[in-house]
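One chain, chain A, appears in both complexes that follow, with chain B as partner in the first and chain C in the second.
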Partner chain A sequence: MEPSVFSDVRVLELTGILGQQCGKLFADMGADVIRVEPPGGAESRRIGPFLSDVPHRDRSLSFWHYNTSKRSITLDLACPTGAAIFRRLVATTDVLVEDQPPGALPALGLGYEQLQALRPGLIMVSITPFGQTGPYRDLKSSDLVSLALGGPLWSCGYDDHGLPPARPYTDAAYHIACHYAFVGVVAALVLRQATGQGQYLDVSMHEACHDTTEGAMPTYYFGGQRVQRQTGRHAAVTATQPVLFPCRDGKWIFTRVPVEPNAWEQFLDWLDEAGMAVDLRDQRFSDPARRQQEIAHITEVLASFCATHTADELYHGAQRRGMVWATVRSPDEVVHDQHLKARGFVVSVEHPELGRSFQYAGAPYQFSETPWAIRKRAPLLGEHNQEVYCREMGFTPAELVALSEAGVV
Partner chain B sequence: MKQTRLLEGIRILALEQVMVVPYATAILADMGAEVIRIEHPEHLDDRRSGPWPDNIPGEQWWNEGGTFAYWNRSKKSLCLDVYTPRGRELFLKLVLLSDIVVDNFRTGTMERLGLDHESLANIKPDIITLTCNAFGSTGPYRAYGSRARTIDSFCGLSSISGYEGGPALRASSNYMDHTGALNNAFLLLLAIYHKRKTGQGLRLDASMYETGIQSIGPALLEVQKGIVQERTGSAHPYWKAPYNVYPTQGTDQWIAISVSSDEEWARLKDAMGQPEWACDARLDTVPGRWEHRKELDRHLAEWTSHGDHVTQMHRLQQHRVPAGAVYSASELLQDPHLEQRGYLASIPPEEATNSGSRRYAGRAFADRPFHMPKVETRMRPAPDLGEHNQEVFRGLLGLSAQEIARLKQEGIVLDRPSANDLASPPQPGSGMGAAL
Partner chain C sequence: MSRLPLSGVRVLDLTWVVSGPQATRLLADLGAEVIKIEGRNRGDQVRRMTFNPRVFATRGMFVYFNRNKLGVSLNLATPEGKEVFRQLVTLSDVVIENFSAHVMERWGFDYAGLQAINPAIIYVSMPGFGHSGPNVDYQSNGPTIQALSGQTFACGFPDMPPAGWGYSYMDHTAGYYGAMAVLQAVYYRNRTGLGQFIDLAQLETACSLMGVYILDYTVNSRSLRRPGMPAGNRSTHPAAAPHGVYRCQGEDRWVAIAVSTDEEWQRFRTALADEVWHQDPSFATLWGRLQHQDALDRHVESWTSRRTQQEVMRLLQAAGVAAGMVQDPAQRAEEDPQLQARGHIVDLRMEEAEGGRVRVDSLPMTAAALPHQEYRPAPDLGQHNGDIYGQLLGMAAGEVDDYVKQGIF
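This part shows the complex of A and B:
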């Protein structure tokens, strides 16, 4: 494999559920990411579903996804011996990623100042629900709670406001926080490259969520208006027309009426081919402003058109005409997508202990050099204890056994 | 602490629109990179999309839009038609003086313009290019387009979001544009790191579709286990209960509550004053709460509706139960936590140096959610259209005043929208969503 830009970067990861994606972003880019887990295993190993429905710390599918290309060691930081070993590890580390409650690491003598003394260029990033300061600092959160309090949830849901807003699937809040953390850490690496200086980054999931509200914030901060959630479309100040319609084959299509002059003509030609343009050729629709006024009627025509075509016909038909529509597809359809096959996006990752391979989501970005790659499946708990403690840190096998018996690793 | 202008001296030429690339380069511009937006006077969608200060597009509406200001702050604007031979030639001269060229055109556009990575690397071997488009530059869908919301649908995210029995949900807030933009930001930083380490440029290709799929990575593994994901509203898909969004006093006011352990459940019971329905042994275990989650949700919704969302949140948080009011923008603007952390930024009136910022100075901007003590990040106004024409053409390329005048005459360089655009200004109140 080609060398990676981060092949000389070592990352220690001390995370639960919130921060683990930040480590993945590094690991799949080729950094040496060591996940330091409590002897019982990280919290995220307990998230179902599990392979064959057998709950086990090495069988969580969610853990598998978020921990590719990492190594795992176990270490009890709460005991002095464990903390001392951790300090030795930090002395060889470039980046420490952690998501413990504010104050928890300093209480163990592992705060940034203390660790930086061992490794002057250390970059440390704390990813927490509300950051290290401010009145909410110690409040409890979760993905859902952060999406609510940070603003994204307000814009997600249905036209019927008797129903509560609904979160999108995925741990979106955790992802957003980790993405921002990663941007910050890479910037910190650029600084360190030039000056040798490390620094401490305080990342707040609340703020990261606030940033991920698209038009909602400027609409209020600039114009003083609040957007309202709508089924399947942008939250907006004034209600807009439906865009999601059922197709002949029972699938759904995400559409948009093309109001621009050229696109409008193409759209009409397409409707005409099916004999379904109804009255849209009337003079009154030739003016774009007028089309906007008559959008409800146009939307009805569009809905009937969708109902008589399959989702695939509509998707490709629209895209070939330059219209950006999309089929609503299930994850199952995505796994078998021809486009992804042609690009080699879905990658097969071997799980040797199971004698099987599984298909994983691959690179969302491609490089001419320094490739993204899943280098290995997620580590088994403590899989790299011997490699790290004995081969790299110089503990003897007997010492490792003693540490293990003492419950330190 | 001394702060470094980290990216000072890095010049980025940006052929960018909407958000997925503009927001990325804005993050770099705040860190000191010189980002020059190359704008076409007839493609002003970004500048038309509002929202407007006080809801009124002003005389120079093309410089005043809110999303434009958010995603293009701290940049420069060069209004140059790169589709003309002379425009392209000037662009290439700028490439020789730049480090990075970014675009989010459809696949094939940069090739047609002769501005693809190979063409640029021929004249500037260490150039870094970033292309971000819908489906990547290979594969059968490569020429297809997307917007963040169509990616939600196509990547599998929408189909598993929404209420049981209801339609697919859009992961509103353009989650894909945000995530794509953050990917683009770190890709550019990584490329700078790589170049300083090796002296080499890089070609970066980002696909929005594949970014979307990464975001539901665990669902792909579940498919292989034979799990068919159902929509569950805000409820947790597997085991956490109570975990949902509940009504509170007031119209369209809600609170999110998530309980993930027996201890948190015990604390929730305390917070509610141990009501009879909750003191039920069946609910004392994770599997028990999961099995009876609908009943639990009903009872809890009854309890939450006896107070307003903020009061209920603090009542629960005092007992260390994860709970959060569903905040809208108006509440976030007054959020004491954001205020105390100095999170919201604005362009101070004394730094409002152009026509756009004179209208929106003092209004809140979302700042970055990571605090970096040693890196200066500062927002400056978004550029007026063509504001930096003179600076770039004279200062950088050394063109004479006459040459610039001729380019203007020929319509290759402009600093005002086209006659068509001027004839149809955006309407008061128009903004995000209205035209979408």
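This part shows the complex of A and C:
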């Protein structure tokens, strides 16, 4: 087996839909991540789309994606026996990832104070909408609501402010919170290597979203101004020209009018090749500052040029000329990207229970010594009950049956 | 000061613009000694994005992404500059950059070159397209990556142009993954003594977040490029209604509301005391609400548009419904009681620059290991040449001055 970053780390994951990306980041880098689900299954198993549109707790593609390389056990933490078993598990665990409402675990006797007594050095992270303190602590949120309060939505949408701001891709707020949670936990693991001490981390999705709005806050903090949303481009204090244009094949292209003299010349040569430079070779366009004043006209020429080419012709044509243009692709179209194919981004994952393999999104980064890898497809509900409870914890098969019949697992 | 997680870790930071500096800002906040290396003539171009012509160039966006770092100037195109860099590499743990793929190689500092100098070095490289594949020389910025990964396409209303992120979300997120890569590599090196190379293609990081969309295509042959998609502010998975961003009183004021289960709907109804439309039996179940979403949204907006966003949020949250204002930057900076209660926005210690209050955002988490620090301001170009070249490398003051005069520093 190849070495992995976290081959010495066990993670218990007690999450709904908010925190599961954090567990995935650990699991695909080699940690033993055990997802502890209620006997009826985690709520994220009920989220579509489903394999062949047949809803079933083991067929959610959302669950498949977010739970690769993890194990699954079932356990009812609300009953005393379940809580006692959970405490025994914690005693073998390095990291606990949870996203329950603030106060829920302490009410079951499973707060950090109680758990770290069982496992000195335990690192626990709570990922919640607003954090464990403050006046919003107990408010309800969702992906969309957190993007609203945290600020990303203010910057996303259309020039026409008669339209509401538009929601970015699905689960973006959950991702932002989980990325910070992962940073915090790995930092705590590094600190533990030096001190042996554990840590409790209280991650706020609200603050994480607030910290992920690029120029919006510095523009306000330093200039006292509010950026305004625009169609398909950076929100700005002063309106800028469109950068997305429709192409001959109905797709859209992201463009940028080059500023640097050489790049501008290359751009003109390209337009000339198509006989579409119009008047852009006029003297008045040769000075970059002057060009900025004429940007509306240049944008018109650019739009006509885009309309006569396919998006991918423009993407590769521009990139060969050193320009950062890009096809506005549907997320699934990356599967056919030759560059990503050559790099092996999409990976095949076997589903032995179905006798089939499926193509999954692959590595966010490539480590030379400790490769990212999907060790195994997402677990079936309770797939590892036998393995964990009997083989690792020493329950007999008869005890496991009794626990199951009693509704504990 | 107490020991921070990355205390004792020295990072040579060749990054610029936003994505790389976001990565090293996290590392600096976690206690690493981050030495930002810039060319004397150009410096990081973000230094010029001040948002306010009256303020000093170490303010604005540059401060936001480069606080807590040390700054040196160094010309890596000169033989003497290369030699100084070699000495720094021998004394450092991490090298990180976000250049295009071949820049470091041309200087002789690809992974093999760095490893020859310091066998245990951790090298994180984060170009848009990574270090292999047919498009390895393509250029990118945040919007390029967002367009190619499908994030731009996935944000927008049906039958309208793509809206996409209104900022470089992927600059933040690639930065988060850059920091995650360093932290994991440090954890692994502490265990094994081994360094490694991390090829972080920002495009792949972005695509890894779109895994559910990808699976819907590879498993169910369903592309997001289909009529009615993307779904705007509605939520298909999980199914929810009402789910959207609704107009409130005032100019460009909006509130996000997310109601999924029938129990949540009943709570939502209690907030609408004086209304009658919600008694319509067709809205009683989630299925019914999904079937009549257009009518439902009109009713909801007729209710919200007669109220302020604060009032809508207060009424709905009091009933236990996920609802939140779309907050603009000023609201987040000045009025958000949650950010205030948790002390999230902090003043930067600026006595080294000219006076005035400068605000920045802290880490979106609290933990004993991460005390709210007094962040240092971002460095001037070459501000710490004396500390690094003099004290760390032991160069004489006159020698440092000579190197500055010769354009090496």
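Simple rule for what comes next: the second predicted complex is superposed on the first by the 407 of 409 C-alpha atoms of A that agree within 3 Å, B and C clash if a C-alpha of one lies under 4 Å from a C-alpha of the other, contacts with A are read in each partner's own complex, and residues count from 1 in each chain.
Quick note on the criterion: contacts are C-beta pairs under 8 Å (C-beta built on N, C-alpha and C of every residue); 3 or more make two chains touch, one makes a residue touch a chain.
This one's a predicted model, so the numbers in the text were calculated from it and none came from an experiment.
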| item | value |
| --- | --- |
| Fit-or-clash call for chain B and chain C when the two complexes are aligned on chain A | clash |
| Touched partner set for A:145, first chain B, second chain C, both or neither | both |
| Chain B versus chain C as contact partner of A:93, first or second or both or neither | neither |
| Chain B versus chain C as contact partner of A:240, first or second or both or neither | first |
| Contacts of A:29 with chain B and chain C, given as first, second, both or neither | both |
| Contacts of A:128 with chain B and chain C, given as first, second, both or neither | neither |
